[in-house]
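Below, chain A partners chain B and then partners chain C, in two separate complexes.
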Partner chain A sequence: MEGGSLYAYALRRVLISLPLLLFSSMIVYALVHFAGDPLRDLKGRNPPVPEAVLDARRSALGLDKSLPEQYWNWLTGIVSGDFGPSIKGIDIGQDLQVRLGVTLRMVVLAMLIAVVVAMLVGVLSAVKQYSPIDYTATLLGFLALSMPVFWLAALLKEFLAIRLNQAVGKTIVYTVGDRTPNLEGSFFDKLPNIAGHLVLPTIALAAVSYAAWSRYQRSSMLDVLNSDFIRLARAKGLSKRRVLVRHALRCALIPITTVVALDVGAILGGAVITERVFAWHGMGEMLLTSVNDQDVNRLLAWLMVSAVIVVLFNLIADLLYAFLDPRIRYA
Partner chain B sequence: MPDVTTPSPDMVAAGQPGPGTDREFTVRRRSQSSLVLRRFLQHRLAVVSLGVFLLLVVLSLFGETLWHYKSTDITDDLSVAPSAKHPMGTDSTGHDLLAQVLAGTRISILVALMVAALSTAFGTVFGAISGFYGGRTDALMMRFVDLLLTIPSLAILITLSTLLANGGGDPVTIALILASLSWLSIARVIRGLFLSLREKEYVEAARCLGATDRRIIFRHLLPNAVGPIIVNATITVAFAILAETGLSYLGFGIKFPSTSLGLLISVGQSAASTRPWLFYFPGLVIILIALTINFVGDGLRDALDPQQRRVRA
Partner chain C sequence: MSARHTLGRMLPLVLALSLGAAACGGSSAGTAAPGDGEPVKAKVGGSITYAADQEPTGFNQLTSKDSGTSVVNVMQGVLPAVFKTHPDFTVQLDEAFMDSAELTKDDPQTITYKIKAAAKWSDGVDISAKDFEYLWKASNGTNKKFDIASTTGYEDIASVTGSDADKTVTVVFKTKYADWKSLFGALLPAHYMTKLPGGLEAGFNTGLDKGFPLSGGPFKIGTYKPTDSLTLVRNDAYFGPKANLDSVVFRFLPESTTQPDALKNGEVQLIYPQPQLDLVAAVKAIPGVKSQTSFGLSFEHIDFNFKTPGLDDPAVRKAIAMGLDVDSMLKRTVAQFDDSVKPLGNRIYVNNQKEYADNAGPYGKADVAAATKLLDDAGYAKGADGIYAKGGKKLSFRFSTTAGNALRETQGELFKVQMKAIGIDIKIDNSKAPILFGERLPKGNYDIADFAWVATPFATSNKSIYSTDAGQNYGKYSNPDVDKMFVDANLILDDGKRAEAFNAIDKKLWDDMVTVPLYQKPTFIAFSDKYVNIADNASSEGPFWNVGTWGLK
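What follows is the complex of A and B.
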């Protein structure tokens, strides 16, 4: 493998991502344009609002221009960090920054936990195939795969956390919100509070994501364990343990990177639902309120940011995959 | 010198034992479908799951007419815990929860089956065309799929639900909305399969005989892709049940007067601490449906796709 070709490959992947984002911005814009009417609130008022007011509002929001022109203005704005006016008078950029931090905190932590647990469980149940461990893991995996995320979240909240807190006599795990309002103090003062709020949503989100990944990890490990080079390694006299750690694991952990990256969109969706259960003020709330308010620019900002996250994760997975697996051809 | 182009009589006998061939032992001829059925029946969990799922379907179809309450009936028992009269309890307006769960199960399964049928049909044709033609057509079609996958599907579903159904509504619209995204993964799988299938000799043979592309795709290739198609359709049913639940929970799915398991849970969740039965029972039924379908899908995968079995004989 030449070092240069990996860089060329990386550059090419980055360059492919840009048009992908551009086209996805078009789809998003068209979708929202036809789905939402930012003037719905105004039009529905009683007594009816005079047409002149509607016109003034239209031109203030730039709705009097043609669709391509509106799209162009919005796109050039977004590239320079201006998400356009919100009909509720919210500073979208600033709002987004805060909410993104709140949600990513949960999403990244849940993904990390889910990946690590999925790898451990998947590898273990492949090595001990058809053992009680394997059957238990399979059963639990299928159970998590078949569970609506909000049902699990509500179960944790109503029947576990509240009882746990009552038993201990003080609140260890919080069930409402992402942090206590008006939380003051230094970073280390705030940490236990934020962590206490993070526990339940993260567990719920990680549980539903881990299931599919551990199934995948199990089958990819079995694939490797049954391949010829492992048989050769055993045949030439290497110990079982050494074969497992040095030969099998290295190959078996590669494919899961792609699966995890592809699932980022689904996890963001799951986060929307989880946040709703725990009344978080994150991206999920932003999506739901902006749809309900028909706040077009806020919804667009949400969709574009999540598209960027998904594309970014896929890019990272592509590069990681190429870096980890020398068999990948850069053509 | 042996003729390498035509298989020797031994090979024919080993592959397909025909009548009148001398053999040391006789092998009963089995058709492909009976082999699949045998393999499926060996998967105990899948068979039991199929039974449970079919039972749920039958119950949801006929249970409400047999049960002495209808889902729309309002009884005098308000917020009653599960008892002999109301095995799943009642809600605060006096609806019998068992009758409601039966009605909700019917709608949820109906939606899921519609989604699976629609998205399998469309995804298969889309993937088949993309994989069969390859090249630029394939690149264009697959980039379109990639494009739709860049936005979290839940957000598209919510937006579409606002656009088409005014934020939720009847089961058919919700099924259409869910199907509009769930065909993507099926299209990807079928496309990958067709990319390899089209290189097979029998395709070349069919083409030499003058078969049209359409004939090759639908008569020669599609039957060879039936296994993965069925497995994916099964998984889509489980996906659709859960997705409908999620949408209804957020308030963008099925709405009253229709009901669904997702809607029942979202109502029940608000009273989870005081009337937990409203939350437990619909949720358990959803898990039961999704779990049995996932097990059936697993069994079908093993039965239809023996190459995918990770165990070496």
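What follows is the complex of A and C.
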């Protein structure tokens, strides 16, 4: 693949995504607008909130303007990096920054573990098809796939945190949050605490992703192993290891690359249930709370960031395609 | 008083230990709550982590933006208040802060407040009449630029004057305000507030969005990490008894199902979730944890829409109330985790208020014969399907409550069965809380609704529910006599006579069958038994009303 055509392709993909982002923001803005009155909470209070206060709040939030006007103000603001006012008075930019960091911390390790284990197990299952290893891997995969995250979380909390901590006589694995509040000391002092908070959500998130990915990897590897060029490679007398690693695995990685890239993009927008059950204040929680509060600017900030991440990871998936399969060219 | 969705999150508390209404569980029973007695002696030092279900939206609880529970809980130990509502719902002077606050003249109503000489903000400036004056001016509604949560009471004040080096405050009312003890419940330092950037109004409205460096209470705000936690630290400059604990950490855990495990694992030491059967059972099984179920000011009720054809007939409303079996409804719902809950026979006062009188009479006792007789006498006739009708119009109504709230959904199903027994057809038509409270109730888009009201000890707040065209009179009930009775009751400054007047209003509301109160909602607090003096309190004060006395054994 030539560098020039790659850049042109990437640029074209980014440009195509812009109207998509614009359109989706319009739809979401309108949906939230018609979902109800964002000031309903204030209006239901007793003693009643003075009408002048409601008017002022309406004006400050731009709710006294028409829907197109409100949307236009948001759109022009976002271009200059202003996410607009939040109904709950939250600094949306800062909120996004913090939450994205939290979600990243939770997701990166889990995804790494899931990818490595899924690839190993998937390949092994394919190579040893219908062996006890394959059956065991299949059973574990479907078990993880069918187990709801909240249930897995409950089991992990009870057996891998509470009982373990009781057995060792101190808290080494935690059930909520990404660190103990007011944690002090050097990075290495904090590390056990941070790692102790990471254990359960990482396992929960990795288990779910691993389950799906290992099945993809197995299936894809089986397809490749049964293809003509692998038979040819074997017929030419190449070693088993060389056939597997240099020829089969490289091709079998193409479908899983797409799936992983798309999944990671979506998860970075918030592993909603995992964040919720382990009380991590990430992007998933931002989505839930902004919908609940009808905080349209905060919801749109989430949408924009999540959409950009998804577009970016789709692009990465496409580019990795070319890297893994030299036959692919971008025109 | 407010619908459950707003102040519902306040989870009002009752320290019912002294009244015998509380049920304590956990590893040991009920020694933790000091109630209105003397606090137990505690060690000085240590910290407690509270699982807060919401993050504060700012730090000025007087603004409409920040008047929610999340802010009130944090500022309870930070801002001085003239009166505090105690767990038994009595309103008592904060004697650490005030020498006295008394009605010194009936006409014009005049209150004289005497502030303790030692009372100072943490920066050394006296807490004075200037702070009272600042609060009044911000809250009286004349300057529309203040984002004030409520003008109630402050709008009736004519003047606030300082004397004796501003340690005596004389407040003169232009209109009598019987619940004057509800005023000046969270004073702000005028000397600090008026110098905030952006000017007087902006300083008040948004100046405390990021924090509040001063304190007039046992604690001050230490660190605040948005989305993660907020820490209160001891205010060593506090003029009253010093706090026992070094710090109180509010850890933001919005998902209540995470709280029992966090408590069990020692990651938090205090939780205050909405009680649910499985959650209460899980917490009670944790060793080393004390728990307490209480019944507060929040109460569940059946609300009638007077604009619905059929329900505009008092005979129909009374028949419904007659046929209702409140006791059975309790046994199948809330009594399952605390059987001390009782039917509520008053919509102004709750069971454990001293002013309470059971005015329910024959209603809520499943008297099917009396209910059907009422309908027969009113000219309704039972059809072949067993449903009463008049003029070809069947008695068929929608029952609406918050979808997803298992307890209320069960109440709806029970209500439906009970009404069928008296020949009234009920169709369940529930909505999610935001829709029910934000749209359907205010727009009158319901026939019969089941939700909670959250009262304060100040009965005049009921005016906005039962007066003609009042903001929370969702059912559009109107009786000029009741309107006048509310106005008159608010002018009675004698507590005993005022209670009589409000009970007379409640009887009138029963006569008109405006609503059917069902029961007080339970609240649930649980904490590590290493701590003392933590107690449930049902008023808007919340669980932090006595945070200064909390400590380790």
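In this text, the second predicted complex is superposed on the first by the 308 of 331 C-alpha atoms of A that agree within 3 Å, B and C clash if a C-alpha of one lies under 4 Å from a C-alpha of the other, contacts with A are read in each partner's own complex, and residues count from 1 in each chain.
Throughout what follows, contacts are C-beta pairs under 8 Å (C-beta built on N, C-alpha and C of every residue); 3 or more make two chains touch, one makes a residue touch a chain.
Owing to the predicted nature of the structure, the values given are computational and were not obtained by experimental measurement.
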**Message:** Quick check for you: in the superposed arrangement, does A:Asn182 touch first (chain B), second (chain C), both or neither?
**Reply:** second
**Request:** Please indicate which partner A:Met147 is in contact with in the superposed arrangement: first for chain B, second for chain C, both, or neither.
**Result:** first
**Message:** Is A:Val117 touching anything from chain B or chain C once the two structures are fitted on A? First, second, both or neither.
**Reply:** neither
**Message:** With both complexes superposed on chain A, which partner does A:Arg276 reach: first (chain B), second (chain C), both or neither?
**Reply:** both
**Prompt:** Just chain B (first), just chain C (second), both, or neither: which does A:Leu222 touch?
**Reply:** first
**Asked** Where does A:Ile162 make contact in the superposed view: on chain B (first), on chain C (second), on both, or on neither?
**Response** both
**Message:** Quick check on the superposed pair: does A:Val98 touch chain B, chain C, both, or neither? Answer first, second, both or neither.
**Reply:** second
**Asked** Looking at the overlay, does A:Leu238 come into contact with chain B only (first), chain C only (second), both, or neither?
**Response** neither
**Message:** In the overlaid three-chain picture, which partner chain does A:Leu287 touch, first (chain B) or second (chain C), both, or neither?
**Reply:** first
**Touching both chain C and chain B, counted on chain A across the two superposed complexes** = 36, 154, 158, 162, 276-277, 292
**Prompt:** Which residues, counting only chain C, touch chain A once they are in their complex?
**Reply:** 1-3, 5-7, 49, 57-58, 64-65, 67, 141, 144-152, 206, 209, 223, 225-229, 231, 247, 249, 251-255, 257-258, 261-262, 264-268, 434-435, 437-439, 441-442, 461, 464-465, 471-472
**Request:** Quick one: which bits of chain A touch chain C in the complex? Just the residue numbers, please.
**Result:** 36-37, 40-50, 52-54, 56-57, 88-91, 94-95, 98-99, 102, 154, 157-158, 161-162, 165, 171, 174-178, 180-182, 276-279, 281, 285, 289, 292, 294
**Complete:** The answer for chain B against chain A in the complex is residues 143, 146-156, 158-160, 162-163, 167, 238, 242, 245-246, 249-250, 252, 262, 265-266, 269, 272-273, 276, 279, 283, 286-287, 289-291, 293-295, 298, 310-312
**Prompt:** Residues of chain A touching chain B in their complex?
**Reply:** 20-21, 23-24, 27-28, 31-32, 34-36, 129, 142-143, 145-151, 154-155, 158-159, 162, 219, 222-223, 226, 262, 265-266, 268-270, 272-273, 276-277, 287-288, 291-292, 299, 302-303, 306-307, 310-311
